[in-house]
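Everything below concerns the one structure shown next.
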Amino acid sequence: MATVRLWTDDEAEKDPAVKAVFDDIRRVRGSDFINNFWRALANDAASLKHTWESLKAIMGGEGALDPLTRELIYIAVSAANGCSYCIHSHTAAAKQKGMTDAQHMHLLAIVGMASETNALVTAMQVPVDREFLVGE
Amino acid sequence: MATVRLWTDDEAEKDPAVKAVFDDIRRVRGSDFINNFWRALANDAASLKHTWESLKAIMGGEGALDPLTRELIYIAVSAANGCSYCIHSHTAAAKQKGMTDAQHMHLLAIVGMASETNALVTAMQVPVDREFLVGE
Amino acid sequence: MATVRLWTDDEAEKDPAVKAVFDDIRRVRGSDFINNFWRALANDAASLKHTWESLKAIMGGEGALDPLTRELIYIAVSAANGCSYCIHSHTAAAKQKGMTDAQHMHLLAIVGMASETNALVTAMQVPVDREFLVGE
Amino acid sequence: MATVRLWTDDEAEKDPAVKAVFDDIRRVRGSDFINNFWRALANDAASLKHTWESLKAIMGGEGALDPLTRELIYIAVSAANGCSYCIHSHTAAAKQKGMTDAQHMHLLAIVGMASETNALVTAMQVPVDREFLVGE
Amino acid sequence: MATVRLWTDDEAEKDPAVKAVFDDIRRVRGSDFINNFWRALANDAASLKHTWESLKAIMGGEGALDPLTRELIYIAVSAANGCSYCIHSHTAAAKQKGMTDAQHMHLLAIVGMASETNALVTAMQVPVDREFLVGE
Amino acid sequence: MATVRLWTDDEAEKDPAVKAVFDDIRRVRGSDFINNFWRALANDAASLKHTWESLKAIMGGEGALDPLTRELIYIAVSAANGCSYCIHSHTAAAKQKGMTDAQHMHLLAIVGMASETNALVTAMQVPVDREFLVGE
């Protein structure tokens, strides 16, 4: 259960600032579904708007990385940060953007491998090679 | 400074198990350079071999994701886990595999954005929407 | 489900060391309610006493920070560490100490923002400015 | 050393989007000093602007929490996330906003205490008390 | 609910690569029980085999540390990383290998204490003493 | 550089509360060396005393786990939490208590392996098997 109230559609209808963001989410996604993250953030209209605008720009707008790659990175970070909700929502988003099972399992193998070497490097306190710093 | 000894090439030459891995790293990479991570892991020949074989398979072998995407994911996990060495080494690897500055900055924006929403979701303890669980 | 047994009041009554701490918790809080954290810690009477004494001193005693600010900091750390139980219990405690919804949402915005810049800084490996070290 | 280039003032002068943010940072802070975080983010003008606008609103604008409390929370999150740069920069900011040594040490005691109980709770997998969920 | 399918025994029977690992798990453990982790990893036969072979060598094979100590370390890391499943499965494994309640509670006290001093050290950015680096 | 002042011996001599702890550290360890962690904590005499008493009881007193095993667990947690100082100081302590190179490398292999499976489990959101909960 959340530590904040999850806004219903009825409540959102009565608050113009929240309604504007909910409407835009529906428009952009072409779906009536508003997931719980936004219903929780609705308690702070400024944060709701700010987060949605950022997400729209970074995950949905034009950019140097294609939409699926963006989702794979999002899942990887969410897994490393242990955010169960985010892993679920962005795995669903990645599947919608065409992630195959083989890509999903490859992603997981990299997340596991990186976490292993991250831990080994940290536990051994390996100094950064000069070669990695050249030209900076 | 590392909490374990970093093996020199001379030491590696005298230990057949370590030498075999160092030789394979050089062969696969087409370069004489062995970075400190492997020189540290050389203290445990079994772990050295196991880690190198895994890395070769997951990061270098055939797979559902292209080589650059794999490095982007590796950087993302390393950043979320706060591994300075790994961020440096895999950012260098990603650049070698063609990562542009624009791709690098887009990656960073996603890592930042995901970390923000991960924290918000966790602090609000948002329950997973039933829609994300459909079909599982 | 916990990986240790949660002590009932009946069990606590029979162990003087545990009973003494449970009694003090009830006295200090002016409530009969003992939450699960203490019932779990009761499996190690020394740890139970030590943790309660620390919490009483740091969160409840006199100090440079007011009681509500202390709870806000506790929630922030618990969110960053991903401790669901702690987020719930300290959000409840903060509300009891007067946290308004607006303060709660402002806290969450800071937790999100800090997590984003933490990740960006780490991923970019930004060196600490000399100005921040002056005089230390 | 950073994994991205740190922009000099000369470079910033030549890029209107970066210059606009650097100018605003100087104006708001009433100081010529631009710290490395912004010089690193300058590689992505959109991210630079977005992050600065967010920080200005959340840390500097009107809000339910006073400016010093905001910095204490920022330090707490940065410590939990292990961001050395952020700990340094926000400890400096908190001192500028009047944080006393006693407040600093109290903050640290809470960060330590919370991290201890977070770990204990997680290791014992303590279930959330129903009492903490009432009314949600 | 998992983000990947959990393989049933029937499905495993039909895939020789998965069946070979499941058979080996049953043989080594002397039990018919296959826990969900392996049923999830079965979606990637290479990862399944690789992870099982590693686990068998590091946790079950000969080595410098006794089997129970290995499990205690595994629990400690899993708690620090916040992996609920891993805490449950390795606490069960430790109990099977003879962990007493007193050892369990001592382990938890160390995990809590270490997390507290880790946080304090990080928040204070304590420089490493030269004495700890001597001889490296 | 630390964000707090590191107390010199001269300063400690003039503060009875700090001096008492420094004297006890020297007595217990049979050495004149006081490492930086305690010199930093000296800024808060109550926290200094509390932390030292806890450490003495948990790491040095009688207990269900032997002294070396305690240090191995401490290193494991410190690595997972990414505390460079703590990894250095407790690796040094473990060596003093007899940790061999083979034990050290086995510890590191477990820390790496656990971090890998922690990440895999989290990314796949594997549900806890009923069997692990039996009897709780």
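Details
A, B, C, D, E and F are the chain letters, set down in written order, and residue numbers restart from 1 in every chain.
Heads up, the rule we're going with is that contacts are C-beta pairs under 8 Å (C-beta built on N, C-alpha and C of every residue); 3 or more make two chains touch, one makes a residue touch a chain.
Here the structure is a predicted model, which means the values were calculated and not measured.
Interface of chain C with chain D: the two copies contact each other largely through the same residue positions, with over half of all numbers used appearing on both sides. Chain centres here are means of the Cα atoms, and by that rule the chain farthest away from chain E is D.
Equivalent interface to C-E within the set A-F, A-E or A-D: A-E (over half of contact pairs identical by residue number). C-beta contact counts were set side by side for B-C and E-F; E-F has more.
In this assembly, F is the chain whose CA centroid lies farthest from the centroid of chain A. Distance between chain centres (mean CA atoms), chain B to chain E: 20 Å.
Look at where the CA atoms of chain B average out and do the same for chain D: the two points lie 27 Å apart.
Taking each chain's centre as the average of its CA atoms, chain D and chain E sit 34 Å apart. Residue positions of chain D touching 2 or more other chains: 1-4, 46-47, 51, 54, 76-77, 79-84, 87-88, 91, 105-109, 111-120, 122-125, 133. Interchain contacts join each chain to each other chain, per the touch definition above. On the side of chain E, the complex with chain C involves touching residues 82, 87-88, 91, 101, 104-106, 108-109, 112, 119. Considering their complex, residues 1-4, 6, 33, 35-37, 40-41, 47, 51, 54-55, 58-59, 63-65, 69-70, 72-74, 76-86, 88-92, 100, 102-103, 105-107, 109-111, 113-129, 131-133 of chain F touch chain E. Residues of chain B that touch chain E in their complex: 1-3, 5, 46, 50, 54, 57, 133, 136. Against chain F, in their complex, chain A makes its touches with residues 75-76, 79-80, 82, 84, 87-88, 107-108, 111-120, 122-125.
Those residues of chain A that touch chain C in the shared complex are 3-4, 43-44, 46-47, 51, 77, 81-83.
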